[in-house]
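Letters A, B and C mark the chains in the order given here, with residues in each chain numbered from 1 onward.
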Amino acid sequence: MSGLRIQNLSRQLGNRLLLDGLELTVAPGECLALLGPSGCGKTTTLRLVAGLDQPSSGRILLGGEDITGQPAGQRQVAMVFQSYALYPHLSVADNLALGLRVRGVPAQEREQRIATVLELLQLGNLRSRRPAQLSGGQRQRVALARALLRQPRVMLLDEPMSNLDAQLREELRPELRRLLCGAEPPVLYVTHDQQEALGLADRIAVLKDGRLQQLGLPRQLYEDPANLFVASFLGRPAINLLPAEGGRLLGLRPEHLRPTAAEGLPARLQRREWWGHQQLLLLDTPRGELRLLLPSGSEPGDSFQLDWPRACELWFEARSGERLRGFGSENTRAL
Amino acid sequence: MRALVLLWSLGPLFLQLFSSLVTPETLVDPGKIAGGGHWTLANYRALLGASPSFGRYLLNSAVVGSGTTALTLLLAVPCAYGLQRQRGAMRWSVMAALLGAALFPTVLLFLALLGLARRFDLGNDLLALSLPYAGLSLPLAVLLLRTAIADLPPELEEAAQLEGLDFGERVRHVLLPLLSPALASTAILVFLFSWNEYPIALTWISRADRLTLPTAISRIAGSSVYAVPYGAFAAATVLGSLPLLLLVLLFQRSIVSGLTQGAIKG
Amino acid sequence: MSPGLLEGLLMLPALLLLALVFLWPLGAMAWLSGQASSVLTGLTALPNGGANWLRLLGDGRFWQDAGQTLRFALVSVVLELLLGLGLALLLQRPGRGRAWLRTLTLLPWALPTTVMALGWRWIYNDPFGPLNALLGLLGIGPYGFLSNPATSWLFTVLADVWKTTPFVALLLLAGLQSIPLELRESLELEGAGRWQRLRHLTLPLLLPYLSLALLFRLTQALGVFDLVQVLTGGGPAGSTESLALYAYLNAMRFLDFGYSATVVMGTFVLLLLAVSLALLLWRRSQPHRRPA
């Protein structure tokens, strides 16, 4: 079996569990995003796979081979660090060459491989610059080039875009997809940015407090979240949560609510944020404050009735946060 | 304000320069300068022509200084690296001990160190003098270098680790190049200490041709308290200062940054 | 290899040398201070049952030197901190040639103490030195700067202040540079003047740097040796003799190694007392800013 397989992986630090029994597989050519708030264990997972940290229990298999105890240098993994970790005293070309040189790759082959990857990333004209002379986006590409050059058995990326501004992030996303996803080595991509994960990854694993919350396709996670945490972590503006009878919560995404002429939930407009292509309305209702997302052109007036498709309802148990399935429209009146 | 500060700092230095370049008659009555040239290089000629020549002392000090600097860095770099990798409590207690040692007035150690020289017959040996000098410089050197190592982002070493560099290769290709500014400023501070150290050299060295600069100067000064050859004095201070002036002017940035970086965190 | 072993091994050579030049001497001198070891014993060490320490307690010269050393240290350190702070503020102010100003003011610190002590000996010379020449211009007779037992210590302080103030200034400059500009600007926007900014912002944030400078200068000044040995030789009439110089004279001139070791250990004890007292006063004056 090829690809990356993580079995029951745990990491304890003092009496704190950074990672608690993680199970994952990433197939060759697949890009899996680890998504979660800071401290959820996503970077820990990455460092364990890289060999920069040792697990307390569990196994890591790469191409069927158990690499759990192997030193980092022998695992043939590549990692793009959040800070890029470019050697500040070396030029771009030398940054790329160092690893090859140490592994005894002959000068000619080295030169050729570097030239290829520089061209792939359109860095050819920057080869003699120092990292300090590069922009943030350029640095990220050099770090990516260094990782690709490693011809890794698994590619690890630790928040590679978090130091870039929003516009650049958007520009680079398709580029990153082109370079990473679909190529042979499996990709493990850590991010706290849901948009990045949704837009880039084949599958997403949502982590919280060291535990896997849900693993699935981006669309699956959004439309069919396993629990309250996943439902509220994904989606901006955040999902509306209405308290209901029996210690239950009804989750309704802001884009699923709509004003109706028929009888529904009475709402009064409190405040409006105009976002250009859309507008966010903050509403006062008998069930608390709700967020409603509408096309920017619509003018529902100051007070109206609210309705939603029953199929979009997401029910949770308030205390445990567990999803209540098969709990449908007939219960809506229980509000 | 600035002019006043410069006058205060540099005035005494210029006085020395002036005193070294005039005849004794002019020295005691500078008014004579106006009446015609009484400049002379006689003081310098006398110093350099003496036996042993003053140049010998400069050379001796340079030998001790280089030996000390090399030995200190050789020991301090691994120590600083190891220290930074220690657990918190261990690290802090070693650092507190080092700080205590760095604060300790080294003059109080001269007697016991003299005993050391006697027991192992190290007296009058310039390179052997590097041993206590290196020992005395180590606390500051280790503290400065540890700060520099702590300031390096850990990802750099991790990235090198992932690329398959072993420990030695990481030291050579990543750690040392990144530390070079800190190494330079530490080296200069150690060299300054060694060049200026007095009490230990005074007790370890007795042969005239092995004297380091500070001991040679004090020997000239000690000749007589009253009929002192001040012109020769001044020439000696100028010659003794010149190498340091050059060093400080050349490496001003390193010295200032080295002291300022390491000062507090150490 | 178990984790941590390599790191320990890396530290070992340096720690061994440190033990050799710091710990071993202290131990050796503590031992020697209990021995008679002088020309009278043929320089062999013979236990003399604490006679050295009894002698130390009754040794007027030791206690006089202790007082003089403390006086020298306190006055020079206070002056150096005050002038050093002023100099640091000046060096921090932006302006043309600031880098050069920093370097040039640092020069006195970089030169060997013995060299500059010699220079000051000429400056203080009676009657020909430049300082007396200056007094002459003002119509004041020549003054024996280094020959008056009542005042000569002041001139050793002056020479020390000249040499070490730049070092203190540099340390404090590092502290000043660590204070973010925004803090100063925000206080300025609130209408604080220069003096108020110094009092409420600069000095509190400079405190760790000031205390480090104080600690370092205090211990070094209590061990003053080079300067007095070359400038005055301890005279006139022993009025500038320091403890370190007394220890040196006992060993190298009177060839009484046992007693010299006792003087060194006595000095060490006084040094520890002075530093602990300084730290205690320090802590007492800062009750509200002790972090957990």
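We take it that contacts are C-beta pairs under 8 Å (C-beta built on N, C-alpha and C of every residue); 3 or more make two chains touch, one makes a residue touch a chain.
Everything quoted here is computed from the prediction, not taken from an experiment.
**Q** Can you list every chain in contact with both chain A and chain B?
**A** Touches both chain A and chain B: nothing.
**Q** Can you tell me which chain pair comes out on top for contact count?
**A** B-C
**Q** Chain A to chain B: how many Å between their CA centres?
**A** Each chain reduced to its C-alpha mean, chain A and chain B end up 55 Å apart.
**Q** For chain B versus chain C, what separation do you get between their C-alpha means, in angstrom?
**A** Roughly 17 Å, centre to centre.
**Q** Approximately how many whole Å separate the CA-defined centres of chain A and chain C?
**A** 59
**Q** If I count partner chains per residue in chain B, which residues reach a count of at least 2?
**A** In chain B, no residue touches at least two other chains, as defined above.
**Q** Using the touch definition up top, name the residues of chain C that touch chain B in the complex.
**A** 4, 6-11, 13-15, 17-18, 20-22, 24-26, 28-29, 32, 87, 90, 95, 99, 101-108, 110-123, 125, 128, 130, 133, 162, 166, 170-171, 173-175, 177-178, 208-209, 212, 215-216, 219-220, 222-223, 225-226, 229-230, 233, 244, 247-248, 251-252, 257, 260-261, 264, 267-268, 271
**Q** Under the touch definition given earlier, write down the residues of chain A that touch chain B in their complex.
**A** 50-52, 72-75, 77-79, 81-83, 85, 87-90, 98-99, 102-103, 146, 150
**Q** Can you list the residues on chain B that touch chain A in the complex?
**A** 153, 155-156, 158-166, 169, 173-174, 177-178, 180
**Q** Quick one: in the complex, what on chain B touches chain C?
**A** My answer: residues 1-2, 5-6, 8-10, 12-13, 15-16, 19, 27-28, 30, 75-76, 78-79, 81-83, 85-87, 94, 98, 101-116, 131-132, 134-136, 138-139, 142, 167, 192, 195-196, 198-199, 203, 213-215, 217-218, 220-221, 225, 228, 230, 233-234, 236-237, 240-241, 244-245, 247-249, 252-253, 255-256, 259-261, 263-264.
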